[in-house]
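Look for chain A in each of the two complexes below; its partner is chain B in the first and chain C in the second.
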Partner chain A sequence: MYEIRFHGRGGQGGRMAAEAYALAAFLEGSYAVSFPFFGAERRGAPVRAFTRVDDKKIRIKTQVYEPDYVVVLDETLIETEDVLEGLKEDGMVIINTAKKPEEVRLSKPVKCATVDATSIALEILGRPITNTAILGAIAKATGRVSIDSIEKAIIEKFGARLGKEAGEKNAKAARVAYEKTLVGVAQGGKAFVPRKKWLPTVEEMPIGGATPAMETDAGLVGIGSFIENKTGDWRTFMPIIDKEKCIGCKFCWFYCPEGCISMEDGKASVDYDYCKGCGICANECPVNAIEMKREVRT
Partner chain B sequence: MNIKDLPEESLFTPGHTACAGCPAPAIVRNMMKIFGKDTIVYTPANCLLVFSGTYPYLAWRVPYLHEAFENTAACISGVARAYRKKGKKTLVVGIAGDGGTYDIGIQALSGAAERNEDVIYVCYDNEAYMNTGIQRSGATPYGAATTTTPAGRKIAGKLEHKKDMAEIMRAHEVPYVATLSISHPKDFLEKVEKAKETEGFRYLHVLSPCPTGWRFDPAKSIEIARKAVDSGMWTLYEAEYGEITNIYKPKKKIPVEEYIKGQGRFRHFTPEMIAELQKWVDRKWKRLYGELPES
Partner chain C sequence: MIQKLPAKKMVVTGDYAAAYGALLCDVDVVAAYPITPQTLIVEEFSNFVNDGITDAEFIMVESEHSAMSACIAAQAAGARTYTATASQGLALMHEMLFIASALRLPIVMPVVNRTVAAPIGIWCEHNDSMPQRDTGWIQMACEDNQEVLDMIIMAYKIGERKDVLLPVMPCLDAFILSHTVEPVDAPSSDEVADFIGKYEPHAMLDPDNPMAIGTFTPPEYIQELRYQNHVAMENAKKAIKEVTKEFADEFGRDYHGLIEEYKCDDAEVVLITVGTVTGTAREVVDKLRQQGKKVGLIKLRFYRPFPREELRSIAENVEAIGVYDRAISYGSGGPLFIETRNALYGMDVPVLNFLAGLGGRDVVTGDVEKMYEILMKAKDSKPDKEIYWIGTRGVSI
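Presenting the complex of A and B:
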């Protein structure tokens, strides 16, 4: 049996990738199961999904804690959490990034495959949905299933949901990614500080389950504390404001769902710590002073 | 009241986990700027609860309460009465989704309205149970695909039309009922201000296009809200004690086909289905705005 853990963001299709991979393995005569981690995640928040493949019936129903392969659909995730957690000794990580495997830095040196799935998806699908491209990379990097089966699985799974044409385009994205995937070894040595979680003791818990505004060793909790949660890494495109063009009408300031636009000297300014890159500001700007640009992260 | 009259200080923080492009945080943030600090907010189960109050985080900078799904109006009634008993004028606001208003919360809501409780009830309407994964509600429009009304070969989307919740509330003859759209800031802010100034039961109903559930590009949320108004899918008006006192009539009526374009939930629409939805819109238009414009 081998196990895969997918790390993605809500809406990137990590669950669909896990399911399509399971279908590809099934088409080759294996037993396969897949399921997502269920939580209160919105589109853009970090999520996980799992696939198990075996040549006999699979009875185990838990999450995957010690994967053979880790698949990362969004490279910002390798900055904030240790995706290698529990990875088997000779395991491999497959990452969506424009970098070469040798340029990727993780908590320890491991076998690593990289592919710029976002660019491939934007070019072929017109949207930064990377779940099908990454499947091609898995086929190439692991050799566990053939790219032909991956294509068949994508056409069957995505075609049924999005229509025949979309199914074929997604299969093409997988094929292109298959051809462009690089395999090597990532660098190690990146340190992760585990996030502290505020867990009150019984004595600390106020009557009625209310949470007053408090500063704890895990940061702020209670009223106004969501400010601790930086959502800037959800973004694929970033708004760039042309201050010359900006007329200070404040429409973007009003419409921004994050409330991360402020006015500086009468001109709009974005707090990129929180901007999720939805593009509403650019769409609503009456003088087209805002442009959405593909963000290159270093 | 206009955008430029709003205070800079926000009572709803960034960092919340709403989907990119969801207009609900902008709706509540801008409302809160008018409601001000002396406000207590209640939400039942809905997306807003999940993205603004995931323990131990809270996006609100005012006291915030959560109770069960069905009793928003009952809870805010109790909170308001307690404050009034103590001689405090604190504004008590309940914000529920369309599921928590149209379906699950309607009996408590009707009761509170009939008792004329001194509260503001806000329904932010994204036309399905989005929090639990896009199930149809009484607010889902005709033909829209949801996970419980999928677009199949025999039955395509929801068979029934959207329930007119604001009219049900108007029939309660409460001090104030208004329908709002974030795409029309001046109208939006004036109505929120009016609600704040009014005493007794106030009902605000806001359309909140959902990029995830309606399946459209997140950048288009406001544009789609605007098209909803211009097509007549969403109508803007105010009513006091059951009488309509103010109507916002779009300058030009656009066909409903233009509104549904670009929304994945309507992708399967046939010309017959478009005609059926247009008929519903036209009926609604005539009722509120009078005769249809010549096309």
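Presenting the complex of A and C:
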């Protein structure tokens, strides 16, 4: 049996990728299971998905803690957490990035495959949904399933949901990614401060879970804790407001689901610490004063 | 706030006793949906509001689900709340019951035990409250109207204790208590205020001191919260014993905690009863005792928390135990039977189940005598079955 852990953000399709991979393995005669783990997160929040493949029925129902492969759909995630956690000694990480494997820095040197799945997705699909492109990279990097099976699985799974044409386009994204994937070794040495988590005992837990603002060893908890938890890093596209065009109508302020827009001198202004880049403001703006721009993080 | 009410003797229904108990406890908010299967409890209370005896907020809502929702919100804002329901209404409330207990809100809600449809019946059966077993509410059953009034008062004192903080559901049998008048001693409002004290919430919705209550909570935290509720329910056993003792000291009526033993001291067989059948069974026990039969009775007051230790202690000294149920868990047995046998696990005493009075059929002395007759036989020879449908046409005993 081998196990894959997918790291992505809500909306990038990590779950669909994990499921499509399982289907591809199944098409080749294997037994495969796949499942996501997420909470109530919206588009952009870190989410995980898992796939297990074996030649016999898989009975274990736990999450995957010691994967053979780690797949990272969003390279910003390698900055905030050690995606190699639990990766087997001879394991491999597959990352969506424009960098070459040797340019990637992780917690330890490790077999690494890279592909610029975002650019491929934007070019072929017109959207930064990288889950199909990354599947091509997995096929290339691991050799565990053929790209033909990946394509079949994508057409079956995505075609059923999005229509035949979309299925084929996604299969193409996988094929292009397969061809462009580079395999090498990533650098090690990147230090991660383990994130402390508030894990109260029964005694420490506020009665009935009624949580006031609390300072804990793991930082703020409860009301106001988002002062520390800046969720703007979920963003792929950022809204840019053209102050010349803005007429101060407050439509964006009204529609923003995150309360991230305030009015300054009668013009809209975005709080990028928390804006998730959903684009609703740009969609609602009656004078097209808001443009969603691909965000490049360094 | 309520007007000062002197102690008085009344001849009232169980419904009135339940409403008057809430009045004496000076509840702040009552939310209710006054339509069948609702009983007169909330209507009686609305009269108190109308007459200016209390300035409690009476909220007319559009369903029982909303009644409990309103109570939860008001209680979370620091109010002492009250509502009442029965059968189908309780079933509709089911979802919200979990929220009240998990948020540790000591709401008090009498339930008039009525048949849950189908077919439609408004008479006494316990198949409305017993399925609420796992909602985290303290659940108990009353024997007479005096106990109804007294229990409302004790319910607030037990539920609001810092080591408990759980909602309480006192149950009363439909018609047999709810629509039956009998004499009831009511204490004065001052006495009750002194007895139950002021409600001090463990946490409350307050704009000046914001707090997250009942929010989305991942798996890392919920199991500890579940354990807290389990501990609170275990603590309730001690609280119930202490509060019934305090109540007896203050008002002279002793309810003996989780169960009451009646002539169990030298009993060879005992019958466990719940609700109003207890009173009838007392008569039967007295009659059988006169005939020299060593029979005893256990009035089971609390279903949650369940009096495991008490029942085990009694079971050590008897030769057969019968459990009376007015509800059935299809494919298994009566809920109290299942519970009792679990509590007595490993003990070498036969436990039999008697089902009677379903759908509100009257349980007569002859029915109870039959139960004791079967128990006396079971003490001498191993019974050939466990579950007896008393007085069911076409079903032999």
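Here are a few things to note about the model shown:
The rule is short, and it goes like this: the second predicted complex is superposed on the first by the 242 of 298 C-alpha atoms of A that agree within 3 Å, B and C clash if a C-alpha of one lies under 4 Å from a C-alpha of the other, contacts with A are read in each partner's own complex, and residues count from 1 in each chain.
Keep this in mind: a residue touches a chain if its C-beta (ideal position, glycine included) is under 8 Å from a C-beta of that chain, and two chains touch if they have at least 3 such contacts.
Source: prediction; values computed, not measured.
Using the contact criterion defined above for the overlaid structures, shared-chain residue A:G279 touches chain B, although it does not reach chain C.
Put simply, more of the residues of chain A are touched by B, taking chain B and chain C as the two choices. In the superposition on chain A, A:Q63 makes contact with neither chain B nor chain C. In the overlay built on the shared chain, the residue A:N229 is in contact with chain B alone; chain C does not reach it.
Of the two partner chains placed by the overlay, only chain B lies in contact with A:G11; chain C stays clear of it. When the two structures are aligned on the shared chain, A:T201 is found in touch with chain C, with no touch to chain B. With both structures placed on the common chain, the touch criterion links A:T211 to chain B and to chain C.
When the two structures are aligned on the shared chain, A:P257 is found in touch with chain B, with no touch to chain C.
On chain A, the surface touched by chain B in one complex and the surface touched by chain C in the other have residues 40, 211, 222-224 in common.
In the complex of the two chains, the chain A residues touching chain B come out as 10-11, 40-45, 198, 211, 216, 218, 221-231, 234-235, 249-251, 253-260, 262-263, 271, 273-274, 276-280, 282-284, 292. Taken in their complex, chain C has these residues touching chain A: 102-105, 165, 202-203, 209-218, 220-221, 224-225, 227-228, 231. Interface of chain A with chain C (complex): residues 39-40, 197, 199-202, 205-213, 222-224. Residues of chain B touching chain A in their complex: 3-4, 6, 8, 10, 12-26, 29-30, 47, 50-52, 54-64, 182, 185, 211-212, 217-223.
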